[in-house]
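As written, the chains take the letters A, B and C, and residue 1 is the first residue of each chain.
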Amino acid sequence: MASSSNKPELIVNGRRLDGRGFDELRTIKIVASPLKNAAGSAYIEWGNNKILAAVYGPREATPRHFAESTRAIIKCRYAMAPFSGLSEHGRSGPNRRAIEIAKVTKEVFENVVMLNEYPGSQIDLFIEVLQSDGGTRAAGITAAAVAFAASGIPMRDLPYAVSVGRIGDEVALDFTMIEDNYADSDMPMAIAPRNNDVLLLQMDGKLTREQLSKAVSMAIGAGKGISEIQKNALREAYERSSK
Amino acid sequence: MRIVIPGEVVAERPERMENTYIQEGRTYAKVLGMYDSNGRGIIPLEGAWMPRSDDTVVGIVSEVRNKVYVIDLSYFGRSLLIPGKYEEYSFSVGDVIEARIKEVENRPTIILSEAKPLSEGTVMSVKPRKVLRIIGKKNTMVNQIAGFTKTSIIVGLNGLIWLRGGDIGLASEAIRRVEREAHVSGLTETIRRYLEEKTGTKREMETG
Amino acid sequence: MDAIDTVTRNHVRDIIKGGRRLDGRGLTDFRNIRIETGLIQNAEGSAQVDIGNTRVLAGVKLDVDEPMEDTPDQGNLIMSAELLPLASEKYETGPPSPDAIEFARVVDRGIRHGECFDLKSLFIEEGKVWGLFVDLYVLNYDGNLFDAGLLAAMSAIAGTRIPKYVNGKADREDRTARLSIRNMVSSATFAKIGKSIVLDPSGDEEKAADCRLTIATDGETVRAMQKGGMGAFTQKEIDELIGVSLNKHSGLKDMMTRAQV
């Protein structure tokens, strides 16, 4: 987190910099199956984030000794395009942050995907951030869930993700890049909406137990809207192709 | 019929149906599919092929070992053809075959039998979940495509389709269209009109 | 090569003998081309190009950079390409493959030797220049990356806006100055399959090809070329293909111009 000396005001007259209320999401748009070669794919615009997710497989596990005889394995790559940020040209390929995100993302889908249906195989999930503005891991997971469903791989649920946290005294939802940089706490979560199981939970900063409880409720509350957008994207993919 | 999404409740009580799972007394969809409310289950819209005994498949010989052929079925598991003593045919690498699944051993190994060569022609790959639609009820869809285009077509349940002769371009275009629009009703009729139009236009061009 | 690729290869070669292509195109027809610019607002320039099912996204970034020792009055052009694993089951994660590096270098030569913009216009002050980074992101592969890549790079560069230079840094809040474009280039890529030559090979046609030739032009002169693959072209063939490339340029240039917002 940046030093407080150049910290911008994140809340002006009770509103956030982009005019949102504390429990308000940015605009989310999802298109299912935009990519032809992948088994399943999704494109998400979440505020100014623009992200592609694609699923390949089940296919032969490589190297072969990575295969598990009783279930499929999932491999995940998450990477930011060098032109994705509003700052300097980035390095290409995953850095340490990206590798950690790929790991926790993979674990989200290991929970919901019915891996026992394809023993011995490998399923690949690729998340490419084309433009970033805070909350890319949440947006990436939300898109990845649609890509998995569009691939036809059996899953128990369609998870979504969103970040919550604290700005000053206020618990708030879905941080932009600037909020993310200067907020007092940030907590990305992935949730299975069927029973509100928490599948990803990371947090930094400082929250009281009460604030944390409020933040989790806020994430779950926002989830209904996110889930609906995910489902509509899947339905629209078939309505679109019937025209 | 309606589209269901993984995790969606399809029955408030436990019911054994294809492509669903039961938890805490309710029945949930586990794949993206069309739910038939008459209770017969969910027809998946996408997904990998699940090999079963007696499935007809199209494959390509990828390796010839001592008394065993390794067959590429475009599937993540291995598939083997072990010829019997009086086997009619012998194959080389690159040969296209039609065969039947004898058994699926603790997946992912498939044992094939009754292999026949499919000489010349080509192989196209389609999404396995669309294969039944490409075949059609009592083979109506594949027969009409073969009839209009004069192409010999063998559809493997694994998603590989062999085509030879006639207007292969039009045949594969028609198959792609069925693949894209598999969930749309009245498709046999749509494809018939499409093929009529295409082959009709062609005849005019040839005579004109 | 997979077993199925070999069957496809043989089939493509068979039907091309009859002068036909898998998708029914004429030998010197492009597939449908679609160009969209400005998708990535965080970048200084961007363009996404579809040729058939091939999709390439180009993003441009301008960073304050140091000039090369031998060209102290010029900015730097740095072209990279990634064959993303989400674009094809054949692409793998990891460092850039030789194919990706060749792809980036061929597009680089088209832009650089097409003199599309003056590198001197990227000079800021003594010891400071703009580094113009172009990243080619392959999002879906179905053959002919080179033409899609050059269309994407050219379109992204043509729409690039230069950040204001303030106290040694780029101020990206203020990006009003346009990069001045001197020349537009495009390329035409051909695949030789047996005795036939086709423009804009699809993925299946590339599997069947003996060799390929990319010719970048500005409609008047040839600016960059790259031959790839084991096979060979005759002098006469090369001459004819240059003719086709020169002819294709004006249509492609119009598309790029129309795509500018």
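Simple rule for what comes next: a residue touches a chain if its C-beta (ideal position, glycine included) is under 8 Å from a C-beta of that chain, and two chains touch if they have at least 3 such contacts.
Quantities reported herein were computed from a predicted structural model and do not represent experimental measurements.
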item: Distance-maximising chain from subunit B - centres being C-alpha averages; value: C
item: Contact-richer chain pair (by C-beta pairs counted) among B-C and A-B; value: A-B
item: Centre-to-centre distance between subunit C and subunit A (centres being mean Cα positions), rounded to whole Å; value: 31
item: Whole-Å gap between the CA centroids of subunit A and subunit B; value: 34
item: Residue list for subunit B, restricted to those that touch at least two other chains; value: none
item: Where subunit C touches two or more other chains, by residue; value: none
item: Overlap residues in subunit A, where contacts from two or more other chains coincide; value: 59
item: Touching residues (chain side subunit C, partner subunit B) in the complex; value: 2-4, 6-8, 10-11, 14-15, 20, 22-24
item: In the complex with subunit A, residue positions of subunit C that touch it; value: 39-43, 46, 53, 55, 57, 59-61, 63, 80, 82, 84-89, 93, 95, 131, 133, 135, 137, 139-142, 170, 172
item: Of subunit A, residues touching subunit B in the complex; value: 39-40, 57-61, 69, 112, 114, 117-122, 149-158, 192-194, 230-231, 234-235, 238, 241-242
item: Sites on subunit B touched by subunit C in the complex; value: 60-62, 72, 74, 93-94, 96, 121-123, 125, 160, 168-169
item: Touching residues (chain side subunit A, partner subunit C) in the complex; value: 35-38, 41, 48, 50, 52-54, 56, 59, 77, 81-89, 92-93, 124, 126, 128, 130-133
